[in-house]
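The letters A, B, C and D name the chains in turn, as written, and every chain counts its residues from 1.
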């Protein structure tokens, strides 16, 4: 069995996997692009090998190079993390063909769940409900879609097959609106993606995005570790997750958990995976998709179950039986995860790049920070904007919200803009505190300006004082420079110093 | 009841208490000395007030000033942390007389446990065994001591009443050695402390230092949260603690826990406290002393019980009933704490001061760091050398040792020397891993040179390569400078640059 | 030294005395103010209240990020304020806006052309960075007087992309 | 460039080539070496093996803290080594040792006097700092030729406390 693991990823998840390997006494081999020579995963791994230039297609997506490195350095297994090659069945297949262990599901399961149509058919055959619609049924004509629409029921959504980001999407309230909206959606999809194909999907009102963590071993055992609430999203990017879901009750959890295990079994699933559901306000739930990999938000499940999911992944890959049965598991307390991204929440969440000049991470009881960066490291434009995951645990949902608030307030990241203020505003939001939100909350009913925080009335006054003190200090400095005989240069010196300080 | 807490302390424990207050929705007022204007507790608290110059006697020991500040700023309670004023019954008394709540025990309990003689008598009367000896019985003559000695039994220790640090201490094997050793001990104590008084104490062989965490509310409920193993000490300073103790079994835990609660009840104890025991190899245990305050090492108990001890302290001080009974409690997993001190383990543990130029703290699953410092902060010579507490949790003792190893290896603190290599050597030590150590282990049977780590044979070779590459780089740099026309200055420039970099 | 700090439609009169005190709307307070570890982060103890904020200059003033809120402040001394008031309180919008790239990236779409009129908030350029498509919008209405990049260009941070007149 | 690195009684011959490779005891290896974030901490990828160490100069060589072990290395190039070997391999102990304060503190006891002979390891000064009594010991045998401080003095870091001849 393998004793060295190659980690085919970067950033916080590569660091996370190195930690798990080290705690299991396994050796680790990192891979890196030219932009990542100083990255934490390279510094921490036992070995590190250069893949190629910074762009992903020349480095982290070079499955062939990665397999070659694994063979040369004697790594017996490859952990793909998430993103990059994690859900590429051809890569998993090549890993196996090279005589290495792929720490994840079998290629056939990745393929089955990776194709929307096959996935929907497979789980439907296993008795799992899917969101009613025509996704995965190929390219249908307007006539066919108009025929099927009443069976799905209104309201429904027209969505672009090649889609994403809301492009080519239309909401349809009745059949007579539909021909015009189909035209518009196809036109938009064609111009955005060069592909005018669309499909229909039932519109789930007040939908919540709730997912179940699955573990399956090679001995046929499949268990779930409870749910995660992931409804807080922006442009289909999850921003904040919690476990358990405030919407859940024990009866529904048992029911959904069983369905999740059934869906996993339908593709002979192996290792860790996640079944995503949409849940409507009447607790009807529909299979959305299965993520056949470790999830970004896996730590909140670890916090409430006490199970180290990455270590379990490695044990499963080594052929071990699961150490837990479904009955061993219970949910203890409440966990939240805030994804800290290098994005400006005050400017349309534009990404922000630069060298981190200072990082002070929160800590103390119930606080965990998973990160791949440090002060002095540069956030480059080549990869995603995730800087770290701030994870808190508390005995109750109330306690963990208070803890997350104080942790966010403690967090200092200088050098790039971050979405920490967004999370702070969410933590103060009455709707979030009450647990009454759905997948449209962030985009439609949330604004950085509508701040529910109490006792913040005097903050503008304090900001005025701070700004005045800074201005005063800088003008004092500049006049001192002038007095030292540099009158000609006016005050450019302090300006450049000030700007340098804020680069 | 109070809604604002003044924290009469500094460093990591002040930060710890601020966090607990914030998570309970309480306001916080910090106090600080002139050396601590930029300290983390000042930055994090809602309010902060200057006490005076850096030396403790002019700042953190100024109980009068602190009480005055509390009254002026409207704090209804004072948390003393540990050290400084935490075990001063006169301070606790003054706090109460000022109409404020002291978050800790009643002054009478502090006084009773603060006087060795009274403490021994009190707990003996309650049926608790103490280490046989004459401590607290006043100044006895040589004749009296020689009479008592056989009743205590040999081997025994002669210890200086004013003592500490082993000065004036002698081990006695038999009665005929005793007169000479008494003389020597008195002489040494006289010259070291100006006080030649000594007492006798039974020498406990292979003694372990095991302590029990107590919580007591104002409604008469007293519970214990299990034990902490604190045998790893140097010059009576704890360095590393764990919970539970590898030496403990459930039967002994129940017995010692009950005795600990009895000792606490004997002084009508209130709030959090710790009963310290010496335990011999035959599981005989003796009351050593009670620490009437929050303990440095409280987090390991939090990790294995899930109870936030500082929050409980505040709840108790607000008159609440304990939220747990003894039966509610169970020990889950294993926790370790390494005290990271600014000390040089390779040079007699001399303290090290300076500005921290870089700090990268470990994180990830099961890792907690309690600290009051950050990159850019200066470790001053005025206070103790504790930089941070690295706390790990694991399902088993084996898992937590592996986790602590990887966390120590991840930890980067630059600017001062730290004892992290000491902890790394301990984590590799076969005796530590086997759990076979006692209070004399670190001082008598441990050396930084006897490294049990495996597969480190090639480290010298790697160090040789690293040193050579650094030398080469520096000489290249210096020759470049010389080539630029500075031949006269020889190579002082790179030397000073190199030295500046290492300041 | 007297200053007027303006946030939206609120104004604060702040006088900084030489002894470490300030007068804020007529009230005298002690202000212990310093930057932390040489970073653009500032700690203020205002009559014992502890605040910490990260503070950055912008084109139009000073941006203060304080307890999760971003607050734009314009600070003027008396002379500056008199100057502005004597010009009728109108700050003249100086002609051109140079739209700069907020981060390095790839220009994927330019939905506007030179000479085109745009409204405030219109998409001007789609820039791909960090695997995201980022829409750069018009900060005010105007006309695109100059396009400096084309689709497919890789641009540096702060590179001027177009000029809005 | 050829170097000899010595640790205790072990020597390593290390040649640094210009192409980022080194020859270590006859074996050619790739060595990707850099300091991290401008700190005295160095990352080395030696034929793919990743090492990180904090490295400091000392009076007698270079100190490498690597995976929890502190290793003293003396690095010489060929010229330096020949020089030392031609002097009979003896590094002459230059006369005086200036005992410096390793940290700021208060001198609480001086158990020696000027002119006194001391053995290696003898306590010379007790310095209080960080609430600890720290014993400063003689690094070798000798005679106290000069005492520069007295009991009760507050001393700065690196201040010379006494001279051992």
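Just a few scattered comments:
In this text, a contact is a pair of C-beta atoms (placed from the backbone, for glycine too) under 8 Å apart; a residue touches a chain by one contact, two chains touch by 3 or more.
Predicted model, so just to flag it, every value in this text is computed and none were measured.
Path length between subunit A and subunit C in the chain contact graph, taken as the least number of steps between touching chains: 1.
In this structure, the chain pairs B-D and B-C differ in their number of contacting C-beta pairs, and the larger number is found at B-D. Annotation: 31 Å between the Cα-based centres of subunit B and subunit D. Computed centre separation for the pair subunit A/subunit B is 40 angstrom, with centres defined by C-alpha atoms. If you average the Cα atoms of subunit C and of subunit D, the two centres end up 51 Å apart. Between subunit B and subunit C, the centres computed from C-alpha atoms are 48 Å apart.
Residue positions of subunit B with contacts to 2 or more other chains are 44, 358, 374-376. For subunit D, the set of residues that touch two or more other chains comprises 37, 39, 49. Subunit B meets subunit D in the complex at residues 165, 342, 344, 346-348, 350-353, 357-358, 381-385, 408-409, 412, 414, 420-421, 424-425, 428, 448, 451, 453, 456, 459-473, 475, 498-499, 501-502.
Those residues of subunit D whose C-beta lies close enough to touch subunit A in the complex are 32, 34, 36-39, 43, 45, 48-50, 52.
Those residues of subunit B that touch subunit C in the shared complex are 29-30, 37-38, 42-49, 73, 374-377. Contact residues of subunit C toward subunit A in the complex are 1, 3, 5, 7-8, 10, 12, 14, 16, 22, 24-25, 31, 33, 37, 39-42, 44, 46, 51, 53-57, 61-62, 64-71, 73, 75, 77, 102-105, 129-135, 137, 157. The residues of subunit A lying in touch with subunit B in their complex are 15-16, 19, 22-25, 44, 299, 302, 306, 308, 332-333, 358, 360-361, 363-371, 374-376, 394-395, 399, 402-403, 405-406, 409-410.
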